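In the two complexes below, chain A is the common chain; its partner is chain B in one and chain C in the other.
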Partner chain A sequence: MLMNGVPVGGLSHPLEWMVKTMPDIAVLIKRVPDTIAKIIVVDGTIDLSGVKWIISPYDEYAIESALQHREATGGSVTAITLGNADCDKTLKDAKALGCDELVRLWQDGWESLDSNGVQSILAGAISDLGSEIVYCGKAAADTNAGSTGPGVAEKLGWASISNVVSVSFEEGGVEALVPVAGGQAKVGINFPCLLTIDKGPNEPRRPNVRGIMMARKAEVNLKGGQAPAATISVISKSTPPAKPPGKTYHGAENVPAVVQALRDEANVI
Partner chain B sequence: MSNVIIAETKDGTIHPGTAELVTAAGALGGSIIIVVAAGDDSSAAAAAEISGVERVIALVGDCFATYDASSWASAIDSVSPAGNLLLSASADGKDLGARLAARRSISVVQNVIAIEDGNVTYPVYSGKAHETAALSGDAVITVRANTFAPAPGGGQADIGIVNQSADVATAVREMLAKASERLDVAEANIIISGGRGMGSPDNFSQLEEIADVLGAAVGASRAAVDTWEEIPHSMQVGQTGKTVNPSLYIAVGISGAIQHLAGMRTSKYIVAINKDPEAPIFKHADYGIVATWEEVLPTLKSELQSLLA
Partner chain C sequence: MAYEGLDFYDVESLLSEEEVMIRDMVRDWVEDEVLPKIEHACREGIFPDEWRVALGEMGVLGAPLKGYGCPGLSYMAYGLICQELERGDSGLRSFASVQGSLAMYPIWEFGNEEQKEKYLPKMASGEWVGCFGLTEPDYGSNPGDMITKAEDMGDHYLLNGAKMWITNGTIADVAIVWAKLDGVIKGFIVEKDDEGFSAPEMTGKHSLKASVTSELVFQDCKIPKDRMLPDVKGLKGPFSCLNNARYGISWGAIGAAQACFHSAKEYALSRIQFDHPIASYQLVQNKLAWMLREITKAQLLAYHLGLKKDDSTWFAEQISLAKMNNVDMALEIARMARDIHGANGILDEYCIMRHMANLESVKTYEGTHDIHNLIIGKYITGIQAFTRKLD
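The block that comes next holds the complex of A and B.
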């Protein structure tokens, strides 16, 4: 059966999957400040030395999808991060959850990459690994951008689906559930492909004691690579302008006054 | 330098944010071209009427039947001249923008809220800070809704229609309609959200009635979504829900936790209704009403009805 020229049911090359049915799965994870950390700007910069660091929340959902994929079809899950030596801890946290291999991408001079640089390095590493499916977060908690997934897919020449809330696993591809105007859609996609993962019904698992023990001994595979020069540079950070203090009314009898203010002062209704 | 705006369409009309993108492009300087994705005569004509636009390219093709990131990026890339590309920071706009930038090996900057002297400013850390960056060379910029004033009408740009398609790599197999045909919080200009303080999911019907009067969407806190099965995650506003930027956000029975604020703090005006005068939401509200929703909502509805009737 064909829909939009795409085989539905996921089997594009039957002979190929008979030889190799277990996909190489990759998951992109990023180390970010805890989302409840105080972010204070002083003289145009942010001092992050005191914050607690975590795996970006949507990346935990991405790891969960990758692990469920392996549990459904076999294969192996490689966690990849681009970052300095501090990120080894982030990778080991992913190992404790059940990821198989850990890859960290870093070399001197990568401190101020732009989106194009980050995506080029990640895409290069994925193609070296020979992954067939890549999971990543829908947006990182520091940048809030949502650029990396679709950008990496484009650099690889792969199909992708963004903001996926749940995945079912098939031979040669997956079916993703995504929000669309008016509801949700089930969308089929064949390997190789990339999915960016949103919070969905499956809560990410927590590490168990065995996982934590295994992670201690885990090896991190360090790789360098080629990155294009940045064409955007951050020149300053600032504190968002404070809002003028609001008005507080005590008691429901003030509702008409608030409605009037929304019309006359705020002009929003 | 030229600026190419990629306009989204819905049911033959261009996204209302397109005129805001024209203002943003004007701040960058240079000529302005609009590419209307999945365009037709009427959406192209609407784009051509925005003042300051030099040319409109209505892009048609088989691949535009449903959204597919890779084929859309390929088709749009091939008809868009070199220059900055501007899109609205919607879910599809951000996805497509990232792909277009990667395709051209240029940088992408998402969620832009200000453009000055060629520098762009955007929120980071869920709005806890702003970052300003200098651009050297062309970039893809996605712009937050409701931050730039829409450019006025009265323009008369030339329209060209281009047929360009590309291979679609994803297949929509099934559409699951939303239980209710309500407006999505990500698209709404006014949002009324309920939290755990609503007491039960049935009480959300009171929020829906007010939403109907205002043409608003109904949102929810995570506590509401997690507590009641009837409140779907698609309604959740916040760090692990949707980031919204409406002109009016009404929070009812929501305490104002930092993760909720992360999704709505940039709303132009915030109204908080909460029985606890110490609730943190009041620190962020332009108008706070300390009272129970049981007391407030019936009057709010009738006041709005008489004002908007």
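The block that comes next holds the complex of A and C.
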């Protein structure tokens, strides 16, 4: 059902065809606190000083898919992030893994963008770049919202598939494997399109020294843009309710009570 | 809790972004791929082959060498690589030290063009493993008196003799062997299939169990003429290799010490005796404070030596001091950490006893602790005290 040999409009030269069949691939990545970092809350706000920052784990799977796409069909992979100068390191980590170009989107006043704003800026950058396929993680490890991918696709007017666990690459599109009730579905999709990536069989690659040396020399393209007015306002923040204290049982005579509690209250057996 | 290297004086802020990325790359690999498998490797007495492949893929073998497939990283980066590998296990760091500093380096520094092109790219990628044969059964601290000899037979050399305690020996494709030709020490490249060469593994070690240690036996071993390293003679050859490896060990020891410190700290905080965590008792805090103090000093020593290596202003006695001091502190920290862990400290559920046993080897190889004292003693007094005439 895929579109092998889908014509790309107005080609006159065979070489141009070669170039055009190699897709411009983009991957959206986000800098988040290490998922094993100790999060300290001071007066209701999170103190992130001293926290190690990483590429959000699902985004690592997205990078892996993007790199495999390039390896299968040629083309180039642009890593895009939205964030302040600290995020250059995040992009360089992506470069060390093998991404070709690095784009950081930022300008003053973007500190408190809502998700609508973030999606608009990312969508604008993707259409400026002329990307044909975009990969991103299914959700970021900090907010866990999962709205960015579908939101960006919506703004671009593109088709998208969420929670993809594996991708096979065709000319002019891809086939994506997604979990569905009772199994997995294989879905074909034409360019331009966006995929949000879940953990799958392809473990993200590790960097190597060569990649890290390339990253040192890599340039980050800084771009600004137009952000829509905020549509969301935060009314209040609160910490999660304290966990109720656990129950303690003593003595063998309480075994039936423990079993019952595990079955009926905790629902674990 | 997740491992975070102790960095009391913020040495990280002195490193380049590239150096930090390389350190983290190795740290993550050790965390994910080495630590879950190390105890099994030790119990079986094997060096898992997948680690050879991974080290090659990461590109850390022969890290500070440039060209011929080697990345030409800073000596600082090389030190950090050693530190992270040895946080995993001294045997793992030994593999990388021997490959890079003791086998690749002499080819890179003293070899001819053909030798460099033939061996270095395959060794940098990990495809070929190297070993370094200097020590003999009867000549350890005084390798200058070695017996192994080479004879010029016109169209080839003939090697005879035996080396002992050779890391990677049995798994090596290439051995750098130091032997006397007409009474002068020269370096020879021996390949695993050379006639008259064998490398049986030594067994029964209680230390560096995840590292292969072997004898190298040469019985009329025939070596083509183009396998001698042309540009070096005398002890300068092996000693210049040892300088690089010893430098790496001074960083590696910090990794082992960090692993023990981390475990001791976590254990002390969670172990309750007399109703309170043992970390709340002054005697235990004193031990932890001593560990932090020694690790911090060792880090500054290694860091400063790294700077000197990178701008070529070092001298050999400085490396002796760092190797001796840092291994000594790591071994003391391992022993102290064992004490803090109580009986649990002897189990392989914790890394302590493994590091402690490993560090006994590290204290001895690459110049024993006291040989380094003698090197420094000679530096201070101008009098060599290695040997004298006994009546």
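Definition applied: the second predicted complex is superposed on the first by the 226 of 269 C-alpha atoms of A that agree within 3 Å, B and C clash if a C-alpha of one lies under 4 Å from a C-alpha of the other, contacts with A are read in each partner's own complex, and residues count from 1 in each chain.
As a working rule, contacts are C-beta pairs under 8 Å (C-beta built on N, C-alpha and C of every residue); 3 or more make two chains touch, one makes a residue touch a chain.
Nothing here was measured: the structure is a model prediction, and the numbers come from that model.
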item	value
Chain B versus chain C as contact partner of A:V42, first or second or both or neither	neither
Touching partner for A:R206 - first (chain B), second (chain C), both, neither	second
Which of chain B and chain C A:I232 touches, first, second, both or neither	first
Partner touching more residues of chain A, whether chain B or chain C	B
Touched partner set for A:R216, first chain B, second chain C, both or neither	second
Touched partner set for A:D93, first chain B, second chain C, both or neither	second
On chain A, positions contacted by chain B and by chain C	36, 38
Of all residues in chain A, those that touch chain B in their complex	3-6, 8, 33, 35-36, 38-39, 41, 46, 57-58, 114-116, 119-120, 141-155, 158-163, 165, 175, 179-190, 193, 199-201, 228, 230-240, 243, 246-252, 254-256, 258-259, 261-263, 266, 268-269
Chain C to chain A touching residues, read off their complex	1-2, 4, 16-18, 21-22, 25, 28-29, 57-60, 63, 71, 73
Chain B residues touching chain A - in the complex, by the definition given at the top	10, 65-70, 73, 91, 94-99, 101-103, 105-111, 119, 121, 123-139, 167-178, 181, 184, 190, 214, 233-234, 239-241, 243, 247-248, 258-259, 262, 268-271, 277, 282, 284-292, 295-296, 299-300, 303-304, 307-308
Partner chain C, residues of chain A touching it in the complex	34, 36-38, 52, 89, 92-93, 96, 206-210, 212-213, 215-216
